[in-house]
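Going in written order, the chains are labelled A, B and C, and every chain counts its residues from 1.
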């Protein structure tokens, strides 16, 4: 069904935007305009302007629509700004609306509030650490934002250490700020990452795939060896297994996942499990 | 732009891995990464890939008046450019220390070793000589620039043809390519740089360091050598203390490596010449169509399984996934995931390539595979005549050779049985050679 | 080789030396008043001056300071009148830059830089007359200057060049021997431990002969060490006599 609709939409693409519903899970390109559900039936570009879309109203049949990464609101439509696959998540409450976003294979990270990232401490200056997170500027991290840290009891952080933390401030006008505690003041897994283990970089898309709740890769990896692993939304993965060899194998598998189909991956995992 | 800082944990891990004789990409201590050489349409244009490090070489020439003190010698000029394309940390338009060092090394390696007969470049003594200019551009930086650059420089020089000239009295006539066949340069020998990285004050040594290894190394020793085992340049750098024995050992290893690389270069050159003569398609444009040299080609993703004895089985099995790629086309280009050290799979990768995976010890095997390979080339006679020299320390291994007819790959209609067939062939051949030996 | 016979049948070189023999070395420490350390050396006709400042505050941007050790800054220049043909620029060409880099590397290895974090050590070397073995002369002069400045070092660094003619390794090449185009090797050695701080070689030499040439150069460097040792002892003695000990 969706395919047929897509073909129709494609043939009409010259003069008319495609319906967002129709291109779900398909590749969209920057500059494309998408129609939201509720508009697609019979509405030409001409009439669209007369009924402005109330993205925040939630009163319409579609409910609330949220533009995720790679999409912008453009009048009453969605304008695609990155290339990738269009994704959609239904809202919990009902039909229509929900979150739309584009899954792109970006490499450069842009800080987002609430993201958990792995950073490298580049400098200590007074009360704050400067942390490289791969963004456009280093993030700041106060020495007080560690679990149990007080003015007297400073955390032991050296230049070059790895930090797993969360962004509390991340917008285009301000220096990003990280913390290593949650709102209750607990570490909750964040803080300085141990001295061993290996850090490597993958694309942001792979990280998102790995962090998806139903990610098979992670479960399969977990069956291989006992391991400790940290994923940063900024594309960094830290992994540690019992031996250097195992750590290397794990790191290489995860890096390779970027280019493997599910079948290939399964083969490799089964082979590794046998050995 | 600043480069990403190296974290303490990466540094420690790398050093510990090196202590355990393991490397991030699953190579052995003395292994080179894959070397690939491809040629452009013009003479004297080539790209060399050393793993992910790639260098573009282009040779050009013009008639100039010679230097006063060397009236009968042509002029050789080398220039290596580190652009920001290659890595974010390079600054444009500045002569950084690294750049000066690399350029001088290249000059010393190629000019001072007199690998090119500069006197043959003289047209009219004291008035007109050829100036040969070698421009090298680093396109991607993943460590060991100097080795890649020196290979690119010598390959480009070997590949280059200058226009023919004739002198009658005072008159110098320059012939275009159509009028007379261009003339190759006279090259005495091919010096090639081999880099050795030292770690922990010289306790550990690695050949062909990649970018991460370069960042944790203490020092570097570059030895340029030709296949006659004549040392053309030695240069140590970084604050390391070497011992005499280490230098001598390195020179031995360099000798082995240089022999292998020279072999590859000569094969690649011969192959290119053959294709040109037969009127086949050549040049980068041809490669782009096959997605051979485009940047978004599949990167290899080897998995370190260094305990070969234990895991030989698994390595062999991991050579199989490619068949799947062919039978079921996937999104990416016809390179494939590669796994396990020493297994290079060259499906759809019809380029001149070589896999070198042997430590210095097993020369016999190397020769073996080379013989085998030459046989292969003559058998094939396809347009692209791939060269894949691959070898490894494992006894039982499968080398996936590219299919005889590249067109098949493009149409992607090969069944699994067809796929298996060529892959077995080299193994059989090898056995034959063994028996012959 | 056309023309010149570099090694006669009797085993003598063009300037009358034996194969492993050094040229005459004369050196003086403390030749300048302003500098923290300075030295002058003559190796045959090769003459070099070295001046050392430091360890001092980082000059220029503070960002260059290293948190764990001192920054060593070396500059090499050769006087315009130092060579047979007059040079246009005393420094700044690729060769001088490279020489500066190599000197820096040599002294980064030899000076205990970790004792002076966040500071800078400047070494300026000027060649007044070049007659072969400039790198070696520069290193030897700079060693004396660094010693004169009292900067802590692991050991002396002594350098010497070596070549290879007709199956014999020659130590301490002169300009004539260098210009003949044979292989030439320069080596900076820490004499007591036998460690090599820098090794460079040009032109073709068969691998099998490497050991012989290396050994000759190392032996020559050890000889240089004996001579420099004497110079330093004498200098220190003179200085202490002046102080009235």
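Please note the rule applied: contacts are C-beta pairs under 8 Å (C-beta built on N, C-alpha and C of every residue); 3 or more make two chains touch, one makes a residue touch a chain.
In UniProt terms, the chains line up like this: A = Exosome complex component RRP40; B = Exosome complex component RRP45; C = Exosome complex component RRP41.
Keep in mind the model is a prediction, meaning the values are calculated, not measured.
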item: Chain whose Cα centroid lies nearest the overall Cα centroid; value: B
item: Per Cα centroids, the chain farthest from chain C; value: A
item: Separation of mean Cα positions, chain B and chain A [Å, integer]; value: 38
item: Distance from chain C to chain A - Cα centre to Cα centre, in angstrom; value: 57
item: Sites on chain C at which at least two other chains make contact; value: none
item: In the complex, chain B residues that touch chain A; value: 4-13, 16-17, 20, 22, 24, 26, 298-299, 301-307, 310-311, 313-314, 317-318, 320-321, 324-325, 328, 330, 332, 337, 339
item: Chain B residues touching chain C - in the complex, by the definition given at the top; value: 69, 95, 97, 100-101, 103-104, 107-108, 112-114, 189, 221, 225-226, 228-244, 247-248, 251-252, 255
item: Touching residues on chain A, where the partner in the complex is chain B; value: 120, 122, 132, 134, 158, 160-162, 193-199, 238, 244-245, 247-249, 251-253, 255-256, 258-261, 263-264, 267-268, 271-272, 274-275
item: Interface residues, chain C side, partner chain B - complex; value: 85, 94-95, 97-98, 101-102, 105, 108-109, 181, 183, 185, 190, 193-208, 210-211, 214-215, 218
